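Okay, so chain A shows up in both of these, paired with chain B first and chain C after.
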Partner chain A sequence: MIEIRNVSKSYAGKKALTGINLTLPQGEIVGLFGENGAGKTTLIKCILGLLPYSGEITLSGEPITRKNIERLSFATSEHSFFPNLTPQVHREFYKEHFPNFIDKRFKGLMDFFELPMRKPLRAFSTGQKNQFEVILSLCQGADYILMDEPFAGNDVFNREDFYKVLLGILEPNETVLLSTHLIEEVSGFIGRAVLIRQGRIVGDSSTMELEESGRNLMDYVKQTYHYRGDRVGNALNEIRGEEGQI
Partner chain B sequence: MKKQKLDLTRWAPPGLNLKPEIKFFAAGLVLAVLYSFLFFERYLSARADLYIYSYSSSTRVLLPDAVMPDFYILLEHYWAGLAVLAVCMLALIIYHYVYHRQDSKSIYLMRRLPSRWELHRRCLTLPLIAILICLLTAIILLLLFYGTYNVFTPKECLMPH
Partner chain C sequence: MRKHLSVLMVIARSTIYKILAMFILLVCAERLLFHFSLNSALASADAGLGMANLEALISSSRIAWVFAVCFVAMAVLLSKTGCEYGSKQGYMLKRLSVSERNVFVWQSIYNSFCFFMLWSVQTLLAYAFCKLYLAKVDPMLTSGQTIFLAFYRNSFLHSLLPLSEVSRWIRNILLLGCLGLAAAHFPYRQRRGKVGVTIIAMTSLSLVFFSRAIGSLGNDILIMILSIANAAGVLDNTFRGSADEEAEA
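This part shows the complex of A and B:
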């Protein structure tokens, strides 16, 4: 279980995260939602120890250090692979550094997405790069797979394939924390939604609870964010009205 | 030969093309050594000043009370080229770290490897070895120049220390 207790983070005096408290038990697929700059990426980077923070983040009760970091993997739209290397060399690199690397899964996913094994990643399309980034995170052998906008740049069919593959291959002990804007797309795939706004957790609900209350994920997000559906219409009317006056 | 090359890449940032770095270092080392060889020009010139040419006998005659300039004066900054090369290697260390943020953020992967030293090992090792080579070359050249100075300078012209 990952436990995040009272985590705060500031960039040059500006608060990016404020008193975050969150628990991620094993075996869940959790969606992390929020507008740009809400603090999703910062939170994930804090969990991974890539950013300093105040507060406490533990993994099975232990602080996250080099001793247990291999239990976390990371897929990011910024890409964390080596562009000059081929997937085959990445495979060897991961095998060397992550003893639990799941080679069979790697081979299977590479074949499924028809990614070339011996072509440098810099020659891949953006979609292929994203696929490979996610494949690496799924095959590292980690218990917690943290994904930060991993499908930015992939087409809808490709993303759909990935969600299905994810649901199919994840073991019961594997947890996914998926930060994304694609709320509707992932609604049928996640088991829990965590909403973050201006560096604070403003919503945390399982999809089952939402179903029971008769709401869907999009309604929940809009409600939590106090989304005003009439805002656009009003703005357009104002603009049109002004144009008319001119 | 191929195996040796592969081994070298294990000590460099993954995917980095080492060829340009090796070429740069080799060329820099050659130029630095050539620059240091200016010692011989200074030495030969100083040594020639110890003699006077006798036209009558067509021989060189050692000047009475001629004294060879001190070894350290002749040395001058023989090490300057090597020092510049070593500074370039320090800059290379910075480049190796920056490399992990170019085109992708492989720094994220390197920083979450179970091996704490993997990133530093790959960024530091080769430039530090290059700096060590510069240092060793400087010492070898110093010994070579000192040997030359002592062996080829007439004993009576050596400065008493």
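This part shows the complex of A and C:
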């Protein structure tokens, strides 16, 4: 279980995260939603220890250090692989550094997405790079797979394939924390939604609870963010009205 | 140890083919330049204008310029390895059981080895040109000492292979070590959003002061001092910096 207790983070005096408390038990697929600059990426980077923060983040009761970092994997649209090297070299590198690397899964996913094994990654398209980034994170053998906008640049069919593959291959002990804007696309696939706004957790609900209350994920997000659907209509009426007067 | 070696392999695989290709280009370009210079010198000799001596031929062939271009290209290539251009490799490096500090050490060792290889290729090539000169020129104009004397008289050849001048050997070894460190420091800083200027300073220093005549002790000592100072700065920045980062995290 990952436990995040009272985590705060500032960039040059500006608060990016404020008093975040969150628990991620094993075996869940959690969606992390929020507008741009809400703190999603910062939170994930704090969990991974890529950024210093105040507060406490533990993994099975232990602080996250080099000793247990292999239990976390990370996929980001910024990419974290070595662009001059091939997938085959990454495979060998990961096998050496991550003892639980799932080679069968790696080969299967590379075949499924028809990615070349011996071509340098810099020559891949953006979509292929994203696919490879996600494949690496899924095959590391980590208990917690943290994904930050992993499909930015992929087409809708490709994303659809990934959601299906993800649901099909995840083991019961594997947890996914998926940060994305594509709320409707992932609504049928996540088990829990965490909403973050201006560096604070403003909503945390399982999809089952939402179903029981007769709401869907989009309604829940809009409600939590106090989204006013009539805002656009009113603005348009105002603009048209002004134009009419001119 | 296997994990450390796999880091070294990843670093090497990122550049080794480009470096080998560069060595091939170096050999071809210098061979061509020396060929033209030698033929021109032989033509002058045939015309009764006298034969250029070996050290003059080495200077006029401009092989030192090709070496300088390759040296700069290698410094750029090695400094780019591990930089976050197109991919945030730091995210992966920070999640390994091998610390980023150790990655820096392995990269420095590899870089120094590459600079050493460049020096070795250039020295062997220069020696091969000397042998070619002996084979082509009238034996009456050469002696068993011709190559030996050329490596004393020509600044470029002497700086490549300083023979019994100990200060130049020490200077060269320090340069190799410091260039390796500086080239590894550049990506280390770049991953932190900073610029590692030491490689620029060391490359410029080497370009300007590498070829020096025999007995330039003051010049050798100056380069030694600057190399040691730069290496100390790089090591302090890397090791103290990462200790601070770990404490902060």
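The criterion applied here is as follows: the second predicted complex is superposed on the first by the 246 of 246 C-alpha atoms of A that agree within 3 Å, B and C clash if a C-alpha of one lies under 4 Å from a C-alpha of the other, contacts with A are read in each partner's own complex, and residues count from 1 in each chain.
Convention: a contact is a pair of C-beta atoms (placed from the backbone, for glycine too) under 8 Å apart; a residue touches a chain by one contact, two chains touch by 3 or more.
Since this is a predicted model, take the numbers as computed values, not measurements.
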Overlaying the two complexes on chain A, which is it for chain B and chain C: clash or fit? clash
Identify the partner contact of A:F81: answer first if only chain B is touched, second if only chain C is, both if each is, neither if none is. both
Which partner chains sit in contact with A:Y227 here, chain B, chain C, both or neither? Use first/second/both/neither. neither
According to the stated criteria, A:E92 is in contact with first (chain B), second (chain C), both, or neither; which is it? second
Contact-wise, after the overlay, does A:P52 reach chain B, chain C, both or neither (first, second, both, neither)? second
First (chain B), second (chain C), both or neither: which does A:R122 touch? both
Of the two partner chains, chain B (first) and chain C (second), which one does A:Y11 touch, if any: first, second, both, or neither? neither
Running into chain B, out of the candidates 110-118, 128-136, 146-154 or 236-244 in chain C, is stretch 110-118
Chain A residues contacting chain B in one complex and chain C in the other 48-50, 66-67, 69-70, 72, 74, 76, 78-85, 89, 93, 97, 121-122
Residues on chain A engaged by chain C in the complex (per definition of touch): 48-50, 52, 66-67, 69-70, 72-74, 76, 78-85, 89, 92-93, 96-97, 121-122
What residues on chain C touch chain A, complex-wise? 2-3, 6, 9-10, 13-15, 81, 85-92, 94-99, 245, 248-249
Contacts from chain B onto chain A in the complex sit at residues 14-17, 103-109, 111-116, 118
Please give the residue numbers of chain A that touch chain B in the complex, ascending. 48-50, 66-67, 69-70, 72, 74, 76, 78-85, 89, 93, 97-98, 120-122
